Amino acid sequence: MKAIANLLFEARILKKLPRSGFHFLGVGGESVAEHGFLTIFIGYVLAQIAPGLDQLKVLQMCLLHDLSEARTGDLNYVQKQYVAADEARAVADLTHNIPFGRAMDGVLKEFNAGETLEAQVARDADHLSLILELKALSDLGHQGPEAWLPHIVGRLRTEAGQALAKEVLKTASDAWWFEEKEGPGKGA
Amino acid sequence: MKAIANLLFEARILKKLPRSGFHFLGVGGESVAEHGFLTIFIGYVLAQIAPGLDQLKVLQMCLLHDLSEARTGDLNYVQKQYVAADEARAVADLTHNIPFGRAMDGVLKEFNAGETLEAQVARDADHLSLILELKALSDLGHQGPEAWLPHIVGRLRTEAGQALAKEVLKTASDAWWFEEKEGPGKGA
Amino acid sequence: MKAIANLLFEARILKKLPRSGFHFLGVGGESVAEHGFLTIFIGYVLAQIAPGLDQLKVLQMCLLHDLSEARTGDLNYVQKQYVAADEARAVADLTHNIPFGRAMDGVLKEFNAGETLEAQVARDADHLSLILELKALSDLGHQGPEAWLPHIVGRLRTEAGQALAKEVLKTASDAWWFEEKEGPGKGA
Amino acid sequence: MKAIANLLFEARILKKLPRSGFHFLGVGGESVAEHGFLTIFIGYVLAQIAPGLDQLKVLQMCLLHDLSEARTGDLNYVQKQYVAADEARAVADLTHNIPFGRAMDGVLKEFNAGETLEAQVARDADHLSLILELKALSDLGHQGPEAWLPHIVGRLRTEAGQALAKEVLKTASDAWWFEEKEGPGKGA
Amino acid sequence: MKAIANLLFEARILKKLPRSGFHFLGVGGESVAEHGFLTIFIGYVLAQIAPGLDQLKVLQMCLLHDLSEARTGDLNYVQKQYVAADEARAVADLTHNIPFGRAMDGVLKEFNAGETLEAQVARDADHLSLILELKALSDLGHQGPEAWLPHIVGRLRTEAGQALAKEVLKTASDAWWFEEKEGPGKGA
Amino acid sequence: MKAIANLLFEARILKKLPRSGFHFLGVGGESVAEHGFLTIFIGYVLAQIAPGLDQLKVLQMCLLHDLSEARTGDLNYVQKQYVAADEARAVADLTHNIPFGRAMDGVLKEFNAGETLEAQVARDADHLSLILELKALSDLGHQGPEAWLPHIVGRLRTEAGQALAKEVLKTASDAWWFEEKEGPGKGA
């Protein structure tokens, strides 16, 4: 139980870690946990619309994919060119003494290999999570996100992910509440 | 697809919503999405150590349990005594036109009813997520969290949840990295 | 006296409550107390230029109009479609045991009824406070505020309020210090 | 009207100015506008319990007392020993072309002279606003506010202000909602 | 030694002081210490490319030029028209009892006189530090910085400073990492 | 010149990078630039009181010691156990095309080797910068910094650095303005 309590506090630190890409982007920001939440949600959605997937596997991969950042930190694209993270050892240490540690390790290995359809869906969810944030920042009039978006979109691998990204880029980020309401902004 | 893009932007807004309990607590803070992330992680952990659970159901409930707060806002204990949220209508509107909207609705109904073991585990994960945050704030020397903790602990319903809370309250929030290292703080 | 000390701490919490409309707008932000301060100032100004008003009544209404949000939270336009706040009970509880509680209640009832000229001026001050903030954000190049502004302007009821809004929308938010100075930005 | 629009934007800047004392205190923080809001509220309360006061005058003094900080900045105790602010000129410039500028000037002169009972009440409201904030920070376990409090309390001049301060210092800052509720923290 | 420990804590407060110009600009922000760091770096660069300078003197002037703001606060252009800071007394008090206090005083006098080439380079570094920040904010799409930039550029006195400013204004603030990389934004 | 403009923007990014140790500490925070500023100031002070040092070298080392973090990110003690930063390549890339790049590289090599007295003084300044911050946080009543301090103090190598640390730990962080003033907190 002690090891599990430690594991929970380790996962909690992701709420304190800012995603380092936004330091370079110059606007916006989110914690690793916030990014993780949206990634899981997108993974859930992709798994709902893609028939025949092992949905549980997708959710587990989305949930755990950045957990080792509690030990390695969140490294953005530039930083990754100068820094090598020993993710394997981080995972080994964080799953040490955890009864279901081997299962966690298996999930992460599958995600990183990126070969199964579930892994590809989870990885696309990861990219879509950033695409959504950049699109929302772009809608506010910020200049940086536009230049980043094509690069992130280019990393998508599944058809469902690509189709969803295309739709996201056509959709105003406030349409879900603004369009269907009259008199928006009331009481803001 | 348009409806699904809207749904993603709706889930994204949870990154922007602060949890309102912390305004009253006076220290700390987290977004609804950050709370959600840790809740899902705890749900995953509880499902791993409780045999025979439908783990996918637990994860889905943890993921979706606060989604309607995108429309109702996050209401703390005091606010709930003066404000009535029509969560049912919020869920109806947010799942409108979503191909898997009925499935989402079912997950939320089960969570709110709190009768199945999966629902009780997910609800305990929700409480444990707050317990972890309060414990970490208390470890820093803040006074408020101590008074809140017994109330939150008292809401736990499953044996695994109660056992885990007991362990969490005995564990220093930085033990996962501080105890096993020599020379902590280096390069802070 | 104890009840009055409690009342002061209750009013103080408005400094900790963010105005929830800005979570949806995506830029800017203010506390309920900050919004309240500017509303009172605008009420003061409107009362100065509108002859024959009971100025004290206007100031009291502007000061107290959001006080019950200490208990109900600040609900934006979208949230109000899903959430019903029992403001009457909040006011009853917060004025309970306050020697001048009945007077407070009377002020709030008049504000909410919106029938007297003083109430209409105070309500316009409330809207103008948001208009000023949106105009300032728009001047910085943000995209969202433009779409909100016509809706808020449309709620103004007094002639003085409408005339002032028109002038505000024509005025650069930094004109008060930028235009009359040479060499702005010095020592920024 | 142009001059009045400028005046409103000038008052708005008080939302952006942090109170500089908190930079030295090391914890907490508030904008000049937030401090102003609570000062006006306390002025309202003191005027309610002190019979025979010109309440409108008290509210006006509380509202306007820091307005010139839009031009001079907020100077804390240490800074005031090295910096001399020409408040008179700031007031002259900000009321220039304002139809009711002379009235504003009169209110501020009376406040600064501190001779009338209304001015003393408004000045006590100003001090009490800081006392409330320090007390709330002290309740959270922070060490600095305790040392500051006697100095601020020592500046109170009216009997009502002193009595209220005594009560405030005996009252837990969360008593207004914590004591009368069971199960606080729910849903935090 | 006691006096030196006090001096270090005094310098540390510059990390807590926000630069007040940004409150008026409406976007961005930095502490006095952050501004100081970049100023020193620019001073180092200018001293490297301008032959024959006393580089140590330049670095010292850049390091110490805002130290007295620990006592006077940071005053922006508007504030300086209403507020007179007795910098001499601030320097006298902060160097009091410091063994090398007279040397500090000499450095600051030379900087303020602005007559030596080293002082002019240090003063240009101060202005360039703001120019860099405004340029970066302008690149993000914000409107205010464009209007400020010509005023700040106009204050540059050295040829090297003017040439560098010209280059800075032509350079995208993310070019140092964006242009030379393919696939930027990865892992943001 | 283009390469130099790029270099300035690269140094500027240090204002945006939070020091990652504070994410684990749970309280406080500073940017790499803020840490850098205080490090340079402490280096200046140590060079003043240690006779015979090459002061320019000390200042240069303090100024440049974290510059490569613009490319590698700021890694705390835990992260360094899982992540290897190729600082040499980061320095090579950031000094590429810079006329005085070789000089920069020399300064950093000397700092990292830690063999010269100047390097040891600069490294102690780096540690003292963190000690000051932890002491100030500890004075506010926070619990974490106490446990970290002995580890950081243990890294000091010079006599002057050790003596200064001893004095810092005995000195209240607000003594520089609180003790010598009467009536502190005025106008906070």
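Order as written gives the chain letters A, B, C, D, E and F; numbering starts at 1 within each chain.
As a convention for this text, contacts are C-beta pairs under 8 Å (C-beta built on N, C-alpha and C of every residue); 3 or more make two chains touch, one makes a residue touch a chain.
All values reported here derive from a predicted model rather than from experimental measurement.
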Set of chains adjacent to subunit B and to subunit F: A, D
A-E against C-D, pair bridged by the larger set of C-beta contacts: C-D
Length of the line joining the C-alpha centres of subunit A and subunit F, rounded to whole Å: 33
Mean-CA-position distance for subunit C and subunit A (Å): 38
Averaged-CA centre spacing for the pair subunit F and subunit C, given as whole angstrom: 45
Residues of subunit C touching at least two other chains: 20, 24, 26, 71, 75-76, 78, 81, 136, 141, 173-174, 177
Arrangement of touching chains [line / ring / star / complete / other]: other
Inter-chain touch pairs (all): A-B, A-C, A-E, A-F, B-C, B-D, B-F, C-D, C-E, D-E, D-F, E-F
Partner subunit D, residues of subunit B touching it in the complex: 19-22, 24-27, 74-78, 80-81, 130, 134, 141-144, 147-148, 151-152, 154-155
Complex contact set, residues of subunit A against subunit C: 136, 139-141, 173-174, 177-178, 181, 183-188
Residues of subunit A touching subunit F in the complex: 13, 16-18, 20, 23-24, 26, 68, 71-73, 75-76, 78-79, 81-87, 89-90
Residues on subunit F engaged by subunit E in the complex (per definition of touch): 1-2, 4-12, 14-15, 30-31, 33-34, 36-38, 40-42, 44-45, 48-49, 55-56, 59-60, 63, 71, 99-100, 103, 128, 132-133, 136, 163-164, 167-168, 170-171, 173-177
